[in-house]
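Dropping the structures in below, format is C-alpha cells.
Here come two complexes built around chain A, the first alongside chain B, the second alongside chain C.
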Partner chain A sequence: MYNDIIIDNFSDPAHVGDIDGPEYQYEIGNPVCGDRIRIQISATGGRVDSARFRAWGCATSVATANIFCASLERLVLARLGERSDSEIEAMLGELEPSQYHCVEILQQLHRRLVDLAGEDCREATT
Partner chain B sequence: MMDMHPIEGYFDYNATTPVSEAAAAAMTAALRLFANPSGRTRPSTSNRELIRESKARVARLLGTVPEKVFFTSGGSEANNWAIKGSLLNDLAAPGHILTTAIEHPSVIETIRYCARQFGFEVTCLKPDASGAVSLEAVADAIRPDTRLISMMYANNETGVIQPVEQVAALARAGDIPFHVDAVQAVGKRPLDVEALGADFVSLSAHKFYGPKGIGGLYIRDIDRISPLIHGGGQEMAMRSGTENLVAIAGLGEAADECRRELERWDRHCLDCKQRLLERLRKTAIETRINGLSDCAGALSNTLNLSVPGVRGEALALLMEKKDGIVVSIGSACSNNKTRQLSPVLQAMGLADEAIQSAIRISFGRFTRLDDIDRFVDSLERCVQQLKTMSFNG
Partner chain C sequence: MSTQLHSLLKNSGLDPLKVALSSVPELFSMPDEKLLEFKTGLIHEAFSHHYANNPFFRSACDGKGVTPDSISTPADLVKIPLIPIELFKSNDSHKLLSISLRDVELEMRSTGTSGIPSVSRRCAKTIDNAVLGIYAMYREFLKISKGAGLYLCPSTEEIPEMGMIKALNMLAGLLDTHRFMVRQESFKPEEALAQLEEWNQKFNRHLIGPPFLINRFISYLKATDTRIKLDKNSYIITLGGWKRFSGQMLSRAEFNRECVEYLGVEESQIRDIYALVESNVVAIDDEHGVKHVSPFIHFSVRDPKQLDREVEPGETGQLAILDPLARSTPGFMLTEDLVRLLPEPSRSGRSGQRMQYVMRLPESKEFGCCAVNLDKRLEDLDAEQAASGSCPVVA
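And now, the complex of A and B:
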C-alpha cells in the first residue's frame, strides 16, 4: 500500500527533467534494490531556482526524488542544514516497512546536497 | 483515471476472482440457516442435505464421488492437511519429501516445517526456463525412502502446467503418496482427479468465482492420511468443526456453474490471451514472456512478462492509478538488506533485472476483448511515462 503523498508524487511528478549547466549535480543509488536517482539543481545567489531529477526504481523511490526536488524550490541553500531528520522523514508521510529505505534515500539526497553546497553556504553566511 | 467498473481493469484473477451472482445468491439464501447440520431436528437434516448437495457438485467438477471430497477453510489448509496428514504416520522414521521450487508458500513452508521439526529430508526441484519441472528430474530424484511427492498442477505466476499425470504414474509405481496442489487449475481446466491418479488434490473456491475461506481436499484413500482437526467427527471424522454452511453453499454453486461453463470460459480466456499476445507483438515497447505462452502448456488465462527498463512494481502502480488496471508483480519493493524477488522466476533462472521488471496478467470470465486492448494501451502509456522519468528519457 502506498500513501497519497507517494502516489501523487509518483503518478504525476512535476520535477522530472534535466537542467542545462546545473549548479549542482549528483547521483545516488541503492546497491541492493538497484534504485538510482540523479539530481540537478540551478541556483542564483544562494537560492535554488529549480531542481530536477531522473530516477529508475520503485514507485516510492521515484516519489522521493520528486518530493525532494519540490522541497528545494526557492530554498536558501544556507538554511538547508536546519532540516532535522524527523522533518525529512515526515516529508514522505506514513510508510510501510518495505518502503523505509526511501527515508534513507531522502536523507542521503539531503546530506549529499548539504555537503556539496556546504562551502557555498558558508560563504553566503559570512 | 477514467470512470469504469473495477472489474473492467482487473487482471489479477489468479490472486482471486469475483464471486459469481449464482454463488452470491446461494450464500445469501444460506445466511439464515442456523440449525447445526449435525443435529437431529428437521432443519438440521435440511442443512445436512445442503452440505451433501454441495459436496456432490464439487465431486462432479472433479470427476469423483462425494465420499472422497472433504471441505477445508481453503487451499492453504488443504495443502497443509495433505502434507502433514500424510506424513504423520512416518514420524518414527522420517524419510524423504520430493517437491518443486515453484510451489505455493502453503506447500513450501509446510514441507520446510516438517523437515525442521521432524527431520524429513527434502529435494526441491527447479523448473527449466519454460517454467516446467521435467519428468526425468522427478524420476531421478525419487528415493527408496521417499514418503511424499507434492507438485502443483499449474503455476500461479506463469500458468505453466506441470507434468502431474506422468508423475502420478511414477508415484503409483513406487507406492508413494502424491499430492497435487490444483488450486490454480480447478475451474480453469477440465480436471478428472480419478484419471489423474493422485492421492490428494487441493482446491480453493475463490479461484473459481466462489467465496473466500472455503476449499477442499480430494482424498483417494482415507487410510493414507490422518486428520489435522479432531473433535466432533464432522466430515467423516476427517475434519471436525461445525460446517461453514454459507461458504459451502457458495462453493457448491460455484463448482456447479464452473462444471457447466468451464469449456466456454476456457475458450474465452484463450481468445483473450491470443489477443493479448497479438497486441504485444505489435506494440513498440519491448516485452519478454516468462515461461510458456502457448495455451497447451500453460493456463489459458495467465501470462507473465518482463518489460525491460522499468520496474514492475512501479509499472503496476502507475497502471492502477492512471487507468484502473490491476496486475500482479514479480518483485516487491525491497528493503536495504534483501531483495524480495519472486522465488518462481528465480528458480526459472531469470536475471534479477528481469524479475524486477516482471508483471503477471491473469484474466477470467468477465474479461472482455476490449479490456485487453485497454490493458495494452495503458501498458504502452505507462511504460513510456516511466522511461521518460528514467536516465535516458
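And now, the complex of A and C:
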C-alpha cells in the first residue's frame, strides 16, 4: 500500500518539530475531517535554514510534510516556484488512489510558501 | 478449562481468536466466568504479540514491570498498560505500530470538535478480525439479511476513510438496496421521505445514521405534522455521539418516544451502537435497549482518579478497552468515555458484558466523532439559506 518514500518519511520523520520565532509559518488542512499540517521555516537572506512541521492525519500526509520540509533545507526560496507540478508529484513516488490527495496537499504547501515568501523571493532575485 | 480449550484449538491448527469471532452466540451462552477466562487467553496472546513487536509499548510495559508472564488470569488484566486514546491523534503516532507501515492495509479516522483526526491503522489480520467480529455482531443483534437502508449520512464514496460511515456501510452488503441521503454536505428530508414512500410495501425499510441526523429527519416530520409507519421488521440503527456540536445532549428517551410517534416503530426496533474507530468493538442494543459488548473484547471500567483500579459493576468509571483483535497497534486503550457495566442479568439471556454509555469525560478536550462536524456544517448551511431567503427589512 505504501511506497518506500512514504514508509521512510512517516516512520522516521527527521523534520518534525517546532521553530522559535520562525520567519514563515502557515497551516493547511481540511476543516471538516481531513489532514492538518503546520509548517515553520527559518530563513536568512532568502535561503532556508531549517523547516519543521507538525502534522495530523493519514500516514501519507505526515510523510508529505516531512518530504516537503526536507526539500526546503538550504533552498533559496526564489527557486521554490520553479518546481513543476510533475516534479512535485514525483517527490512522493508512486501512490495509490486513496493517497493521491497528498499530491494536492504538497502542491498547496508549495503554493502557500511561494505566496508568503513572494516579496522576499523577488528581493532575493533582484 | 480455558487454557485447555486454547491448547486444543491451537494443537488442531485453529486460531482461537478466529474461532471466537465465528462463535458469537456460543460465547454469549457461556457462563460469565468461563467467557472471561477464554477472553483472558485471547488478550494474553495479543499482549505477547505487541510486547514482542512494539518497542514503544514494550518500553511502557517494562517500565511497569509487566511482561507476558504477568498476564495469566482475569485478575491480571488490569495490569496491562493502556494507550491513552489521544495518542492516536499525535504527530508521532507511528510509534503505536506493532507492524511495519508496509503491512498497513487501511487507515480510518474520526474527527471530533477539535478538528484533529484520530487515525487508526489496520493490517490485513486486523481487518480480517474486525470484519468477522462486526458482521457476527450485526447478525447476532439485528438478524438483517434483506430490506432497504435509508442512510441518513454521507456515503463512503464521499468520505471513504471515516470509521463511522465504514462500519454502517458494512450493513449495506446485507440489504437489497440502500441510498445515502446526505450528499455534498446537504440533507433534504423531503427526499428521504419520498424514498421511504417509494420502498413502501417492497422492502423492510431501515433508517441508519448518526442520532442527530435521524433526529433532524424526525424534526422535519414533526414540523410538517407527518407520521409514517415503518415495517414490523424495520430498524432504526444509530451510531455516533449523542451530543451535538452545540453541546446540547440528545435525550435517548425522547428520541425513542419520537421514533415511536413519527416513524411508527416499537422501541425494540431502535438499536444504538457504541463503537470507537481506534478499537474493533461494537456494543449493540438488544431488543430491550441494553448494549452488549463484543464477547471477544473486554471492557475494564476504571476509577478516573486511580486508573489502575476498577470500579464495582454498576458504578460509573472511565472505560478501558482490551481488544485482542487489534494486531497493528496495541488494542489496550484508555478512552475518554464514562460508562458503567450493568450487573443485572441480561433479559435477553446472554452472558458477557453489558454497558451503558454515560458521557464523555468532563475534562476531555473534545467530544463527538465525524458526525459532530457534519452536524455543524448542516446547521451552518441551514442558517445561510435562512438568511438568504429572509424577508428584506423595510427601513
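Going forward, the second predicted complex is superposed on the first by the 123 of 126 C-alpha atoms of A that agree within 3 Å, B and C clash if a C-alpha of one lies under 4 Å from a C-alpha of the other, contacts with A are read in each partner's own complex, and residues count from 1 in each chain.
We take it that a residue touches a chain if its C-beta (ideal position, glycine included) is under 8 Å from a C-beta of that chain, and two chains touch if they have at least 3 such contacts.
From a predicted model like this one, the values you see are computed outputs, not experimental measurements.
J.: Have a look at chain B and chain C on chain A after the superposition and call it: clash or fit.
T.: With chain A aligned, chain B runs into chain C, so clash.
J.: After lining up the shared chain so the two structures overlap, which partner does A:Ala59 touch, if you call chain B first and chain C second: first, second, both or neither?
T.: A:Ala59 sits against chain B and chain C alike.
J.: Please indicate which partner A:Val16 is in contact with in the superposed arrangement: first for chain B, second for chain C, both, or neither.
T.: Both partners.
J.: First (chain B), second (chain C), both or neither: which does A:Met1 touch?
T.: Only chain C; A:Met1 stays clear of chain B.
J.: Can A:Tyr100 be said to touch chain B (first), chain C (second), both, or neither?
T.: So A:Tyr100 only meets chain B here.
J.: Can you check which stretch of chain B gets into chain C in the overlay, out of 44-52, 98-106, 224-232 or 242-250?
T.: After superposing on chain A, the clashing stretch of chain B is 98-106.
J.: Counting contacts the way the document defines them, which residues of chain A are shared by the two interfaces, the one with chain B and the one with chain C?
T.: Correct list for chain A: 2, 7, 10-11, 13, 16, 32-34, 36, 54-59, 62, 98.
J.: Could you please specify the touching residues of chain A with respect to chain B in the complex?
T.: Chain A residues touching chain B: 2, 7, 10-11, 13, 16, 30, 32-34, 36, 38, 54-60, 62, 96-101, 104.
J.: Which of the residues in chain A end up touching chain C in this complex?
T.: Against chain C, the touching part of chain A is residues 1-2, 6-7, 10-11, 13, 16, 29, 31-36, 54-59, 62, 98.
J.: Can you list the residues on chain C that touch chain A in the complex?
T.: Listed in rising order, the residues of chain C that touch chain A are 89, 91-92, 94, 100-102, 104-105, 107, 109, 111, 115-117, 119, 121, 159-162, 370, 373-374, 377.
J.: How about chain B: which of its residues touch chain A in the complex?
T.: 311, 313-314, 317-318, 321-322, 332-340, 352-353, 356, 388-391, 393
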